[in-house]
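This is the structure I have questions about; it appears just below.
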Amino acid sequence: MKRKNNKLGHYCGIAGIFARDEINIPEHLFYALFSLQHRGQESCGISYRKGDQLVVYKDLGMVAPVLSRYLQENRLSNVGIGHVRYSTHGGNKVENVQPIMVSCNKGTIALAHNGNLSNTRELKQKLFSDGSIFQSTSDSEVILHLISRSRKTDFYGALKETLGQMEGAFSLAMVHDNSLVLTRDPLGFRPLYIGSRDGVTYAASETCALDTLGVKEYRSVDAGELTIIDKNGVHTERFAPKGPKKQCIFELIYFARPDSSVFDTSVHLTRKRMGAALAACETVSADIVVPVPDSGNIAALGCAEASGLPFEMGLQRNHYAGRSFIMPTTAERELAVRMKLHPVKTAVMDKRIILIDDSIVRGTTSRTLVKLLKDAGAKEVHLRLSSPEIKWPCYFGIDTPTRDELISNRKNPEELAAHIGADSVKFLPIDKLASCVENPEDFCYACFSGSYPVDVSQINNNGACL
Amino acid sequence: MKRKNNKLGHYCGIAGIFARDEINIPEHLFYALFSLQHRGQESCGISYRKGDQLVVYKDLGMVAPVLSRYLQENRLSNVGIGHVRYSTHGGNKVENVQPIMVSCNKGTIALAHNGNLSNTRELKQKLFSDGSIFQSTSDSEVILHLISRSRKTDFYGALKETLGQMEGAFSLAMVHDNSLVLTRDPLGFRPLYIGSRDGVTYAASETCALDTLGVKEYRSVDAGELTIIDKNGVHTERFAPKGPKKQCIFELIYFARPDSSVFDTSVHLTRKRMGAALAACETVSADIVVPVPDSGNIAALGCAEASGLPFEMGLQRNHYAGRSFIMPTTAERELAVRMKLHPVKTAVMDKRIILIDDSIVRGTTSRTLVKLLKDAGAKEVHLRLSSPEIKWPCYFGIDTPTRDELISNRKNPEELAAHIGADSVKFLPIDKLASCVENPEDFCYACFSGSYPVDVSQINNNGACL
Amino acid sequence: MKRKNNKLGHYCGIAGIFARDEINIPEHLFYALFSLQHRGQESCGISYRKGDQLVVYKDLGMVAPVLSRYLQENRLSNVGIGHVRYSTHGGNKVENVQPIMVSCNKGTIALAHNGNLSNTRELKQKLFSDGSIFQSTSDSEVILHLISRSRKTDFYGALKETLGQMEGAFSLAMVHDNSLVLTRDPLGFRPLYIGSRDGVTYAASETCALDTLGVKEYRSVDAGELTIIDKNGVHTERFAPKGPKKQCIFELIYFARPDSSVFDTSVHLTRKRMGAALAACETVSADIVVPVPDSGNIAALGCAEASGLPFEMGLQRNHYAGRSFIMPTTAERELAVRMKLHPVKTAVMDKRIILIDDSIVRGTTSRTLVKLLKDAGAKEVHLRLSSPEIKWPCYFGIDTPTRDELISNRKNPEELAAHIGADSVKFLPIDKLASCVENPEDFCYACFSGSYPVDVSQINNNGACL
Amino acid sequence: MKRKNNKLGHYCGIAGIFARDEINIPEHLFYALFSLQHRGQESCGISYRKGDQLVVYKDLGMVAPVLSRYLQENRLSNVGIGHVRYSTHGGNKVENVQPIMVSCNKGTIALAHNGNLSNTRELKQKLFSDGSIFQSTSDSEVILHLISRSRKTDFYGALKETLGQMEGAFSLAMVHDNSLVLTRDPLGFRPLYIGSRDGVTYAASETCALDTLGVKEYRSVDAGELTIIDKNGVHTERFAPKGPKKQCIFELIYFARPDSSVFDTSVHLTRKRMGAALAACETVSADIVVPVPDSGNIAALGCAEASGLPFEMGLQRNHYAGRSFIMPTTAERELAVRMKLHPVKTAVMDKRIILIDDSIVRGTTSRTLVKLLKDAGAKEVHLRLSSPEIKWPCYFGIDTPTRDELISNRKNPEELAAHIGADSVKFLPIDKLASCVENPEDFCYACFSGSYPVDVSQINNNGACL
């Protein structure tokens, strides 16, 4: 089944490794990217130093088919980066796959980027008029042009000048010479972690990748931080002053893996708190709490625990459904959902159900799910979302449909309940959501509120630069 | 990651369809087999009537890559069968893929078989001496030889004669002429369901496949029943008298999907009862109940509910890990497990854990899991299995390792706990397990007890015929 | 471009190897089959002894993609056989791929077969009524059934009994136990050679494969000969008395590679003689002799030499055109030919051309070629074929279209010339063809004359058994 | 078999199409590129206008597997270009595949390039210091940077300024807006033809591609010509004054297909003249003339005709050998050649042979061929080359090994004869070669003479810019 945009989509996940003594860098990048696969399933790639050269290998496809060859080859190296990428807009598919590697007057540079710049239009117009050529539509190419164009003659001077020009969301991993470079935008939209084990420094978007690699101690790369790891050790500085952050709350709601920490916050515990917050708002009587697997699992657990209602796995997910195939046009929408999610009749029969999911984008899947549960004998289905209504596009690294396609812009909860056939629909209010994290003012809620933390007037509705 | 036999493996799942008015049979078989994918992931195939011919298409690989082409092609037909198959023994891989199709003096016949005959040796020796040739090592070929060799001149006479000669486990779906033939052995080892919708009759190993196809009403094909569906309707008879059954209890413990019914029994409810039964035996104090996902999920839920302890998703499963790749020899065993299962630190830290899985085969995964949980801060880990100790091989359609490899033949629970580093290990006793189903005497417990319901002296230790 | 049956097609080529001391049998089979690729491009396979087992690997596709993996793996073994196969009739494609391997009361046997039995119907009817089952439509399965069914208890007794029952064309290579078995039908329709080098015995359909393997001395396996090679050496006997042969003259006209010998006859020299025989019949004045590459090359050379006219490569063949793709329906027939064959304008401009090809089947390609040459400025095009008119189907291992599709059954040479736009068309008469070989009475000319050397009444028009 | 650099290699072939009324541009590009496959077999690609966008599709591999999908899809369009590419240097494989497409201040541009610039180093250093970034190592990217950097604000002004800066060999096809742009360097190193049919303008490196497309009338794009085709028609101008040309003589000796014209010269006729020129120099007595197929075919024909000796196809080529596989390390060099070329014993036995090939690069294949012929019974083998000794690398679009690897820099003809085991070796002298073309002063002979027509001091030994 081709993705139908029923969930929000990430743009990517990144990883980086620096080893004082050579190790099989591609093998370790494989483990890291495999653990970040949920952040991007359309393409992936790695770049690493091979002798005195920097090489890149990338392709459309998932980590296992594209990169597992590296498990069988010993590519001793000191440094490398990797990237997993989500769906692309439009036709130029392969061109946008990362890492992107260029040679320029600052040397050879490989870059992996998670995020979206918000001033791409302005930057690109300047570059265009100065004669730059673009082979992709990715922001990453803009960054590399800026570094190369900088009057500073050294790479780090040029990089810092460039970082000062960039606005919006960016967590970057780069290789330059024999060094690994890590940085995060001053508002810290996207996560990035760094840790070390046995003399090797690892970086990854989420801690689950570092856990897989056996790294015991790690920390968040700070917003506005620039860190360079090379033979001389780890050098950390700030390219922007410390200030309020605007970390993506949706990483905690849906994107990050439950066993990860992002923004120094446990995803698992936060989702349980969201479920508990939903329980605190609850007014209807029900028999069981059922998650939409797997996105609603942890919030449902939190809700059940807080409400005292039994947690019940009333929907079975067919995990083989991730493997893609195209449904025939004759097949009903309902069938497509049934290929992936199935009601467990004996669990839901005659029950009043609190059904928990993380969010609603277009509402199509929810409609079918409610019907399946009711057909299976559920007496009532009350849909609860562990997030507020999504009404605004994200311009900082998440693939949101247009405002028109966001169902919460067209229907209030009551209308939505009628539309999807649920007995009621409720969203977690923004203030309750904010109460689930420790420093709520350090998070971005723009997709709910429309209050963007930076100027987004250069960006069109689709998140692409004008 | 190649399967390392850490779980017991099914031999297969089957499906069949008969449509009075032609429909796209391969498309519908795809949906059915896709829902039975958990019963066999190594190969799959379909056979259906195409005009006046019977055709077969089968290959190594999973349902989506091998058969999804049929979603785009309209192959109108009245009848077809399908098969998913688990790993094969030894080298002749492709030859054993099903359905198997032959032409003989009874016409052209396609057969899909779930189960294992226990008198193959005797049957095959007779066929050998009579001059039969064998192109595979599967029992299915034996069945077709018997039908062809029968002195009865009509197909159904020959089939019934053949069924009378077969011992052991078999659920069969066949196509002959324009008819679909379904049958189950007199002891009913393997499940098989039949139902209809909009004038089309569907059959499948588990009800989840029928649910996916929108079939609302279905029934179990009875043990000893022979049912033929053709233009004249559904004709059911018995080829063996009704008697005590020996249905595979492991279908309920582990194989079948939780949303299925098998043997007229809800898998979900039975697993919850097993969890409750474990809770009833519990003597240690603990803080949380954690399932090994996904095999321990429902039993853990039942255990938590019954014990009043919080249910906690303390292990995160990477569902991309199903996609196969070969780990390098340098990688530690621990890493291989970490690629698939990850402790959720914030959920297990400082906790005394009841860890629930369905069974232990070799014990290698359990050992790593316990270590991961303890490294993540778990204070105690008490492993509980929702099945008794597996000590005997299954000769009725399940891939069991040799007796020596079954860890319960080498270590008692205390030794096992020491071996895997758990604070304690307990199994569900056979009598408690039996109390979780309605008619316990209608089930086979041979893999726990060694009391085989039929003579297995012809079969060697590996489940292959001598 | 999919084959459009514009040339006659072979059914296959075979090879066999026995090595006293183990060698990498699959690697050597690869070299042999690669050199026999022109005899069958649709599928290929090998079977060889691996330890105490016989294994088989085969698939649809050409030798390089299907079997080149064996160049990288050292599979030490004593014995193996291989097969390349031409297009199959109808749907059951994979099932007919060879070698075919079975186990039966005579042991495990692998068989590779080149040819076609003419009494398959009778044999198969007997086997059907005795209860045999058939998984393919190939004659090879019939042979194995007969061996297994034989009352003789030893393999060789059974094999000889079976050979006595078989009528028609067969060159066979088999593996049984640790021995390689080679045999040819009493009329010797298809070629088979045997030779040795460095203690290894090699067999192949054509000598070009033995040349590739560096074998210096070889001989034809005689018609009616049965040869067994094992640790005890080479044992040769006759299963049928010596008598007149009916070797396929088309092997010399078109199928075999020019550098091969078949039937103790040089293909190259014989084709040159055919060209000279055409020259001797010539009555028109012309400027140059042009071959249709590559099938007409050698005969054209012989014709040019004998006639004193210049040999000119007036048509250029695009050898990449062997790689298959499907032409869009909108493309004209002419374009399809132009993708493969191109007139060399500067060579043919203003010339009166003797155009030489080996034969005409349907006439479609010839028509386009004549048009291309005339468009390129040729003044006259006189088509000459180094074979008589093909009017009858072959039942002995060649894929012929139905009688209706053979253009020589619908048009005499004058009509044919008008049809294809040539200034004249002439065929080599049967008696002139016969004069090109040493023992003309030892060859089969049935496709030209309709005088079949054995009873073909059991066979239908398409060469398949009734 | 992987290419071992035994023949010189082209860098590429290009094609372009402009249709006033929309046609299936990709389908037509497929036909053109398929006919240019001999100019580059490692990768291929097309770029065409799709609605208001320019799109590109390219990959490693040959035309049929990479692009045949376009035969089944109707992509109506006005304009497109295509490229086939030969082996790449070093690792960054995919990045160098063409066409290359960029967006810049001159719009979106796609470019396909045949040739090599000789002042890349100078151009690139300037671009580097101005801040350009390079994603590939191809000259094509340099060209696009120059266009974008130009102070001229319109595309054509910028293009002409860029053409004025470029030195060396370049035949270019570009798409910009809705126009097709074609141009050739002032010395005309590489061929490029243009013609039209049914209101569609086609361009291709060789006329054989235009013939395949049914184009009857075409002309050479002139050296120093810039031609733009759009809705307003064909606009041709010169960007450089007419002057002496330096066309690559090796196109006539080896690269171009015999049925092509390049540089207004028939390849077929020229090769025949080269063969005749060899015959005129001949002093030894011989029995037959044998070509090394296919590269020596036409020259051998010319030699045989001029000398009155019989032309004999004494070597058989296995055309399946183009399909690549890697020979095992244990296989001898001799076997690798025998997989591809085979002596025809009955043609060469006891003969004194004039063996004709186009050129010698490393001499390894020749050595094996001579041995094969002698083993097959040849009495004498006299190797004749239809080109002079290659002693200098080409910097204008041909892949030459280093000077050390060129055997003619290490051995004179006598030493070479001894080395390869031939009875004698002779090369066609430069002056005799020159006499085979009409305007010998309009050709480049630098690979024989070392007299480069432009300054090559910026280029290193491998043809890559320093």
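Here the chain labels run A, B, C and D in written order, and each chain numbers its own residues starting at 1.
In this text, contacts are C-beta pairs under 8 Å (C-beta built on N, C-alpha and C of every residue); 3 or more make two chains touch, one makes a residue touch a chain.
Please read all numbers here as calculations on a predicted model, not as lab measurements.
Graph distance from chain A to chain C, where chains that touch are one step apart, equals 2.
Listed by label, the chains that touch chain B and also chain C number zero. Taking each chain's centre as the mean of its C-alpha atoms, chain C lies 37 Å from chain D. Chain centres here are Cα means. That of chain B falls 60 Å from that of chain D.
Computed centre separation for the pair chain A/chain D is 48 angstrom, with centres defined by C-alpha atoms.
Looking at chain B, one finds that none of its residues touch two or more other chains. Contact topology of the protein chains: cyclic, one closed ring where each chain has exactly two touching partners.
Which chains touch which is summed up as A-B, A-D, B-C, C-D.
Residues 50, 53, 55-56, 91-92, 94-95, 100-105, 128-135, 141, 144-145, 148-150 of chain B touch chain C in their complex.
Looking at the complex, you find that chain C touches chain D at residues 24, 27, 31, 34-35, 37-38, 62-65, 68, 71-72, 208, 211-212, 214, 257-259, 261, 266, 268-269, 294, 297-298, 301, 305, 310-313, 316, 318-328, 330-331, 334-335, 338-339, 342-347.
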